[in-house]
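The same chain A turns up in both complexes below, where it pairs with chain B and then with chain C.
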Partner chain A sequence: MSRAAATVALFAALLCGCGDGDARAWLGEVRGLSDEAAAAEASDDRGAALDALTRIVEREVPAAVAADDARVVRQDAYERLARLRLEAGDPEAARAAAERGLALGEREDLFTANLLVQRGRAREASGDDAGAARDYHRALLIHEALLDAALGGDGED
Partner chain B sequence: MSEDEIEQLERAEAEALAHALERGSARGELPEDALQTAALLRYSAGGGELAADREEAVLAEVLADAQKIAGRRADAPTPAAAPWWRWLLGFGTAAAVIALILLLAWPRAEVTPTELPAPDPSLLSAGLSRLASEGADDDAYREALSGYRTSVYDALGARYE
Partner chain C sequence: MRRLLLVSLLVGVPACGGAMTAHPSEPVDYQPEQSPAELESRQVEHVEQLDAVLASPDADCAGACTLGEAICDLRDRICDIADRRPADAETQGRCRDAAERCDRSRERIAETCTCAL
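The block that comes next holds the complex of A and B.
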């Protein structure tokens, strides 16, 4: 009868919020890694920062976490990865990181705008000035829209 | 061997068999199979009864064998009919597996996203400045962004922790 009890317990655990525990663990882990990356960057340890940020984007996101919440966390990590790659003189890797971040979904928010800026810089460093200009322009529009909203404007002026 | 010789041999065997049946003893002409036939016929003619001591021995042997078989049957696991709870367990497990698959395959978009704080105007201004002019202070923007990141993680923490 122990097998039946285990099955019922598993089923009950799944229905009664085991997913919440996963979400909590995920958030705790990615937040810790984000802080770790910031500390490593502050102490000029680029390797440790890259490692921590890579672990954020590779960490599996539990089903209980809203897709857009996961996007925000991962886009922030990809933006930082792209910047570090660019600072290390690797525009191709920087662009790849920015594009992986943008592939998660483009929204009218700061995280998408920051990724567009990093991709624009990577394109600029690779000699693709037109592509860079397009990315900067899109990032500029997002910033303006956000600023309008923050200042209570309607965005038409 | 000629036909006459065969006939003569058969006749001799028949006579020997008749003699054995009649007298209870065989002469030299009787072959082995004829001897066995004669013994069987004599046994059945006597009513087929066993001697009392032989009968007891056979009975004891049969009873001992029967006891051994009964013991083996008692030791062997009894193939009982599946109880009702086994069926229930089977259906319950199947239902749990289906529910698990549905739970894992449920689209994540169904989970409502957290309402994140809006970025501060000073952060947005710093962002615009770095875009508007080349060589703008990226560090100032980074620092302001770090504060915004903290507030975003705080909002997520309030939701999930």
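The block that comes next holds the complex of A and C.
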């Protein structure tokens, strides 16, 4: 599944559970910005992609939006920001974006794991190999827990 | 929460193009030159795959295959770093642990799903 299709799936899933008008409006706005970022990336316009993603994370979240829904939307945006910053050759900005995303709350899910991977890549690019290995390993443990769930539980450690 | 878990499985794992579900979406293309013995052997193989799927009706093979791929990709990243830091015992230990988890994930997935990891 492509990144764009995955993001559409994310918003479609969230929209199903968003009954409040303000919440739906917010979700519609951030979904539009997310699509804008994806289109900008597809046409190699990194600046426009960064701008759209920044607007997602800066947009005020209505109180009616479930905290966890807001977290995953914003963490997805921070992960994409970190990746784009890294591709632009700015590991410090990439790391800062990943850390802002992680500061929204670390859970045993792929949003957290993806942010850990991006922070690891940023650390590796700035020469902090040991820190990168720590982040990659934490991400691996989350993936393993998700694998247990995908296989119906009963994992061993 | 199940909704979020599903979304979590869908979003963000890079390079998931190689993942396969346990349910083939296309009919198998048998070649006319295959011998009856070859066809029988392939049929047995498919029956075994079907048995595995039916034995674990709750398994999400698409998600499992993608996650297995990500686990082993992270093993590669960690062990590449360990190769550059032979004197760093902590990173060496992470590499060993990651390698074990990658192997174990592959084994567990292979028990239920048919993706090639």
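Just so it is clear, the second predicted complex is superposed on the first by the 136 of 157 C-alpha atoms of A that agree within 3 Å, B and C clash if a C-alpha of one lies under 4 Å from a C-alpha of the other, contacts with A are read in each partner's own complex, and residues count from 1 in each chain.
What we mean here is this: a residue touches a chain if its C-beta (ideal position, glycine included) is under 8 Å from a C-beta of that chain, and two chains touch if they have at least 3 such contacts.
In this text, all values refer to a predicted model and were calculated from it rather than measured experimentally.
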{"item": "Chain B versus chain C as contact partner of A:136, first or second or both or neither", "value": "both"}
{"item": "First (chain B), second (chain C), both or neither touched by A:152", "value": "second"}
{"item": "Contacts of A:72 with chain B and chain C, given as first, second, both or neither", "value": "both"}
{"item": "Chain B versus chain C as contact partner of A:101, first or second or both or neither", "value": "neither"}
{"item": "First (chain B), second (chain C), both or neither touched by A:144", "value": "both"}
{"item": "Touched partner set for A:91, first chain B, second chain C, both or neither", "value": "neither"}
{"item": "Which superposed partner A:117 touches (first chain B, second chain C, both, neither)", "value": "both"}
{"item": "Contact residues of chain A, present in both the chain B and the chain C interface", "value": "1, 3, 7, 10, 14, 68, 72, 76, 109-110, 113-114, 117, 136, 139-140, 143-144, 146-147, 149-151"}
{"item": "Complex contacts: residues of chain A adjacent to chain C", "value": "1, 3, 6-7, 9-10, 13-14, 16-17, 68, 72, 76, 79, 109-111, 113-114, 117, 120, 124, 129-130, 132-134, 136-137, 139-141, 143-144, 146-147, 149-152, 155-156"}
{"item": "Parts of chain B lying in touch with chain A, wherever the complex brings them together", "value": "85, 88-89, 92-93, 95-96, 99-100, 103-104, 106, 108-109, 111-114, 116, 118-121, 123-125, 127-128, 130-132, 145-146, 148-149, 152-153, 156-157, 159-161"}
{"item": "Contacting residues of chain C [partner chain A, same complex]", "value": "3-13, 16, 56, 58-61, 63-64, 67-68, 70-71, 74-75, 77-78, 81-82, 84-85, 88, 90-91, 94-95, 97-98, 101, 104-105, 108-109, 112"}
{"item": "Chain A - residues contacting chain B, complex", "value": "1, 3-4, 7-8, 10-11, 14-15, 19-20, 23-24, 26-28, 31, 34, 38, 61, 63-70, 72-73, 76, 109-110, 113-114, 117, 136, 139-140, 143-144, 146-147, 149-151"}
